[in-house]
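Mind looking over this structure? Questions follow.
Per-chain numbering from 1; labels A, B, C, D, E and F assigned in written order.
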C-alpha cells in the first residue's frame, strides 16, 4: 500500500478530481498548504512597505492506494494538473504499513478503498 | 517508530483525544482537511445554481509513536471515533526513520514522547 | 529520498526559512496545524465558562530532499526554530519511494529539487 | 404610556412652553404647523433608528454564535423585520391601539388593516405629534424587535419554519395585546403602571418568549456534558461589537422617539439618561467581569451596555441622570451575574444572553421606575403597579410562548436533527454557507 | 419630478395645511423661517442617510463575491463616492438642473462648478424647501449611487482604472442628462412621466450600465462550464446582510428626502410605503425561493428586500400602503425569477444580481406608477408616459454604456488577465489581501 | 468657538433671517419655540451621529490590525465610550465650559457633576439653541473621540488596564482643559483662534497623545527588523472600510452639529464642505498612492478620506466649497506622505496611521483656516493665532501625554510581555479569541 501526496495549484483541484474519478479513484483527502518551489513569488505592498510573498497557495492531496493503483493515480493527477507552467506541482509517494477502516475495523488492502 | 495518520469526523476530536489520554498518548498534531470516502456528499444551492459538495470536513491527526504504542494508539482512535456510520474515517500507518526534538536535539525513541 | 516533516512555532517560520535558504534548500510546503506536546496549554474563558486550550498553534513543514540533504535540512530547522523552551517542536523523517514533477513528468532524484 | 399618553404629553409640552409667547392669544390652537412638522419628523427619524436595531440584533446574534449557523440567523432576522411590519399592519396596530372604546380593558380590536381616520394626516389627529402613518410605522418598527430577541436565544438548534411561525404569531398577537394593557390605554395604564419605552412591553415580552423557547428546546448539543458547562464561543466578536453599537445607536430612536414629540426638555433628558445608563452598564460590567472571570470578557461587556439600555428604557423620561447611572450600573452587574447563573448553574442554554439582558434587566428597569421615577406631575411612581405589570405581563407572555412552542413542537417539530445540528443549520436549512472559501472547522 | 416639482410640492404642502391657521392672514409669506429650517434639515438628514447607502453597496457587493476580490470592490466603492460628489459639483448638478431655460428639453447645461444665486441661502431660493448647498449635496449624494450599482455587476474581472474611468464618465454625464429629462424639467416631465425617487432615473440608469458591462465583459472564469451554471458563492453573507440593512436604512432618506420638504403627510406616507414595499419583497422572495430552490436562499431574500425598495421608489409618494405591498411583493417574485433567468438561462454573469434588482425591478416600479399611482391633484398617472420613460431612458443609457465600455475595451482594455483573475484582483490590482492572516482558499 | 460662540451664532442666525418677517415686532423674543425645538433636535441628531463614530473607530482600528488582537481593540473602544461619557459628566463638561467667570483663562472649573441652571431646559438657557442636557450630551460624545484616536496607534502591544487608566485621565482632564482654551471662552478664543469643530481640539489632541504613546511604547515586535520596515497587514479590510464609512457618516454630526443650531445656510455649507473635503482627500490619496506605491493601497485611501475630513473640520464653516476641495485634497496627499515618512523613515510604529491622519492633518486643517477662512463678520482669519493654537495645544497635550504614559510605565507597566504579544492580546488580556472556529495563523 502506498500513500501518495501531491501538491497542485488550487484551481486544478476540480480537474484532478475528475481525472481521478475517471481512473476509479474515489477516495482522497485534501488540505490547504502554501509552498515554495521553482515558481517565484510576488510582492505585496502595505502602507508603503514591501511584503515578499514566496509561499504560494497550493492544494495538498493525500491518497492511500493499493500498489496497482499507484500508476493510475499519479497519471490522473498529472493529467488534471499539468499546464506546463512552473508551479504545476509535485507528487510524492511513500509506503504505507497498515490501514484501518474505523467504522468496521477492517485492515489492509481491503480497508483502503 | 511509526507515524500514524488518521482522518476522523470533526466532532469526534474531543472523544478521540480523551481515549488517547487514557492510553497515555499525549502528543499529537491536528490539521483540518476535507475528504471524500464512502460517505456521500450533499448539495448546496446558491442563487438557483446547484453546488455538489463531496469533499466533507474532516480532522486529520498525526501521531508519531514508538512501535509498542501503535496498537494502543490505533485502538484509542477507533474507540473514540467509531459510530458505525459511514464517514467514521481511516487510519494509516507509515514508518518513521528518525525523529528529533528541536529543543534538546535528542533523537530517536526518546525524542518521540 | 526522504520526506522531512517538522512542527515549529508559528513565529519561527521566517527564521527557519532563512536558515534553509542558507543551506540551499529552497523548496518546501507549509501547512497550519495545532498540536499538543510537552508544552502545556492555557485557559480561555467565555461567558463564565472555562475552555481548556491544549492544542496550540503550530506550523507544519514538509520538505522532500535527497539523502545528502537530510542533515543540512534538519540542522537548518533546528538552527532557526530552537529557543530552548518547551514547545520548540519536532522533526520527523520518513522515506520517500518516488517523486514526480508534474510539469515535466520527471521522476526521482532530479525531480525533487 | 405611549399612544395613550399623547394627549397628556401634548399638554405637558404646551405647559413647558407656557412662558414662551408661542402665539398672541392663548385661545388659538397652540400646536403650529411647524411644531407638528418637527414632532412628526422626529418620530420618523426615530423610526429609521429603530429599524437599524434589527441589523444590530442580526449582527450581535450571528457574532455570538457559530459560523455554521450564521446564514440561518441572518435569515431569521431579515424575515422577522418583514413579518413584524406586515403583521403589524394587518392586526398588530389595531390590537395595540384599539382606541378609547377599550380604555382600561384587557383586550381590544379596531378592525383589520390600516384605517386612517379622516383627519389622519392633520394636526388634529394626534395633538400635533404625528400623522396616522407616522404613528403606525413608528409603532410597527417597535413590534418586530420583541420577536428578534427570541431569535438569539433559540439560535443554532431551532427549525427555520417553526421559528418563523412562532414569531409571526407572537408578534402579531401576543406583543400587541400585552402592549395594549399599558400603551394602548388598557388596564395597566389605569393602574398607574409606567413603562416609558418598553423595558417590559418590548424587552421582557421578548425575554419571556426567549425563556420559554430555551426551556422547550433544551441546550445545544455538547453544551452541558456530564453536568459541566462547555462554552461554545461566538464566531465573530467584531460582528457582535457592531451589533451592540448599532443597538445603542438605534436606542436613541427607541427611547428618544418614545417621547412621541420633539419636546426639547424631554427628548434631551431621555438622550442623557439613555447614554448614561448604557455607559454605566459597560462600566460595572467591566468591573464585575474582571472580578468574577479574572480576565474581562468582551461578550459580557457588550451585554453590559445592552443591560444598561434595557434597564433605563422604562424610566428614561422620569429619572435624573444620576439615577440613570445607578439603574444602568446595577443592570451591568445583574447581567453578568445572570449570565453566570442561567448558563453555569441553571444550565439554560441561551447563546447570546437574551434572557439575562432583556428579561432580567427589563424587569429590573421596570421596578426601578417604582423606586426613583417621578411623573410629569411631580408625584413619584409607586412600586406596586410596577410589580403588577411585571408579573402580569410575565405570566401572560410566558404562558402564551410556552403554549405556542409546544403546539409547534407537537405538530411541526421544533428542533433540527442531531446530524443537522452538528453540520450546521446553514447547510441543513439553507443549503449554503456563510463564509464560502474560508476554512471554518468547529470540533464541537 | 424632483427639483422641478419644488413649486408644486410646496403649494400642495400649503394646501394640506390650509385648514390649520398657519398665520393670521393668508397674505403673509406662508413659509416661515422655522418651516424653512425644518425642510432644509430634513434634506440634510436624508443626505447622510443616502451617503450610508454607499457603505451598504460596498458591503453587499463584497459579501456576495469572493474574498480574493474584496479589496478591489471596497476600493471601487470608496472611489465612486468621491468621484460622484466631485463630478457632480463640476458638471453633474448643472447638467441635471439646468434651470427653466431648458424646460422640456433633452439637454441643458448651466455652466461649470457650483454657482449659488444671490438668494441661494434664503427662503426664496427654493420655495423654503432648502438652500442651494442643501439642494446640491442632496442631489450629489444620489448621483454616485447609479455608478455603484454597476460596480457589483462587473465585479471580480474588470480592470480597476477602466472601471473608474467608466464610472466617472457615466456619473458625470449620462446620469445627469437622463435625470434632467424628468427631474430637471426636461421632455419626460412634460409628458407626465412620474418617477418619484428614481426607480428609473437612478436604479434603471445604473442597471442598464450593469447590463452593458456584463455583456461586454463576459462571465467570470469557471462560471459557465460546458453550458452549465457553476455558482460562485459570496464569501461573507454577514457582510451582505449588513449591506442590505444599510441600504434599506438609507432608503428612508432616498425616498423620504425626495419629498423635498418635511411635509408630515407626505414624508410619513413615503416611510410607510417604503417599509411595506421592502417587507413585502422579503416575504414573497422567501416564499418563491423556498418553492423554486427547495431551501430558502439568504442571498435571494436580501435581493428580495432590495427589489421591493427599488420598485416602490418610483411611486412611494403616490400609491397607498396596500398598493405598496403589492408592488414590493411582485418585485420580490420578479427578482428571484430574474436571477434564475439571467444567471441560469441567459448565462449573463452578474455576481450580485444588480440587473435583476435595479434594472428589472426599477422598470417594474416605474410601470407600477402607471397602474396604481395617483397624482397630487387626484388624477391617476397613465401607463404610456411611464413606458416611454422606461424605454427612452433604457435606450439612451444602454447605448451610452455600451459605447463607453467598448471604447475603453479597445483602448485601455477592460478585463484583467486570466492569471490575475485566478489569483484575485486584490493581489493583481492592489498588491494586498483583504484578510491577511486568515486562510482563504478558493479552488475555482 | 463652540459653546462660547452660542451668542454670536444665535445672532448671526437672526441676522440671516432678518428679511423674513419672523414676528410682527422686532422687540419680541426672536427665537420661537419651534426654532428652539428644531435647533435642539439637530444637536441631538448630531449626538447620535457622533456616537456611531465610536463604532467607526472600533471597526477601522480592528480592521487594520491583526486578528489576534481584535477582542482587545473592540474592548478598548467599547470602554472608552463609557469612560468618556461618565468622566465628562463628572468633571469634563465643567472643566471645558466653566462659564463666563473664566473668560480668557487657561483653566476653569465649575464644580463636579451636572448642574443644570434653573432655566436649563428653556429657550433662555442657550439662546434657543439647546437645552442644558442637549448641550452636555452633545459635548460629551465629542470627548471620548480624542481617546479613541490613541487606541489605534498604541494597539497590539499596550496593557489593557494601563491604556484604560491613561484614557480616563486624558479624556477627563487634558481634553477638556485644552478645549476650554478655545471653545470654553479661554485665552485662545480671545486671541482669535478659530477651530470650528476640532481639527485641533479633538483630532490633534488625540494625535499628540498617540504620538507620545508610540514613542514610549516602541514598535510592535517584528515591525522593524535590521532597520527595515516589515509591514504587518491588517486582518480585515472590510472592517476597516466599514469603519471609514461610519466615521464619515458620523462626521456630518461632528461638523454639522458644531454649527450648534439648525441654521439652514450654515449647516448646509458645512455639509457641502465636509463632503467635498472627504471626497477630495480620497481622490488625491488614490493618485498619490498609485504613484508612490505603484498599486493603489486601500488602507491609504481610507486614510485619505479621513485626512480630508480631519482637515476640513477646523474650517468647515468658513471656507468655500472650492477651498474645501483644496484643503481635503492637500490633506489626502499629506496623509500618504506622512504615513510613508513616519512608518518607513522615522520608524514610529502606528498601526492605523492615527498620527498621520489626526495629528498631521489636524494641524494642516487648523492652519488652512488662517489661509482661506473668513469669519462670520466677513474678515479673514489670521494665520498667527492658528499657529499659536496649534503649538500651544501641541506642547500641552504632548507633554501631558508623555508624563502620564511614563508614570504608568514606571508603576503599572505599559507593554505586555513578549510572549503575550506573540500569542496575541486577546488570549493574554481577555482569555478569548475574536474568531473562534476560524483558523487564523499569523507567522509574525
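One rule holds for everything that comes next: a contact is a pair of C-beta atoms (placed from the backbone, for glycine too) under 8 Å apart; a residue touches a chain by one contact, two chains touch by 3 or more.
These numbers were taken from a predicted model, which means no experiment stands behind them.
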Subunit D reached from subunit A - shortest hop count over touching chains: 2
Third chains touching both subunit F and subunit C: A, D
Identified repeat of the C-F interface (over half of residue pairs identical), from A-E, A-F or B-E: A-E
Chain copies touching (subunit A, subunit B) - same or different residues, decided at half shared: different
Pair of chains joined by more contacts [C-beta pairs], E-F or B-E: E-F
Distance from subunit E to subunit C - Cα centre to Cα centre, in angstrom: 53
Euclidean distance of C-alpha centroids - subunit B vs subunit D, Å: 47
Centre-to-centre distance between subunit E and subunit D (centres being mean Cα positions), rounded to whole Å: 32
Per-residue overlap in subunit A, given as positions that touch at least 2 other chains: 31-32, 44-46, 94-95
Multi-chain contact residues (two or more partners), subunit F: 32, 34, 38, 41, 45, 233-234, 236, 242, 293-295, 297, 299, 431-433, 435-436, 438-439, 441-442
Pairs of chains in contact (touch as defined earlier), listed by label: A-B, A-C, A-E, A-F, B-C, B-D, B-E, C-D, C-F, D-E, D-F, E-F
Residue numbers on subunit B that touch subunit E, as the complex places them: 44-51
Touching residues (chain side subunit A, partner subunit C) in the complex: 2, 5-8, 31-38, 55, 58, 60, 74, 77-78, 81-95
Touching residues on subunit F, where the partner in the complex is subunit C: 222, 422, 427, 431-433, 436, 439, 441-444
Subunit E-facing residues of subunit D, complex: 28-29, 32-34, 36-38, 40-41, 44-45, 47-48, 51-52, 54-55, 58-59, 62, 70-71, 74-75, 77-79, 81-86, 89, 113-114, 121-123, 130-134, 136-137, 140-141, 160, 236, 239, 242, 429-439
Interfacial residue positions of subunit B with respect to subunit D in the complex: 10-11, 13-14, 32, 42-46, 57, 59
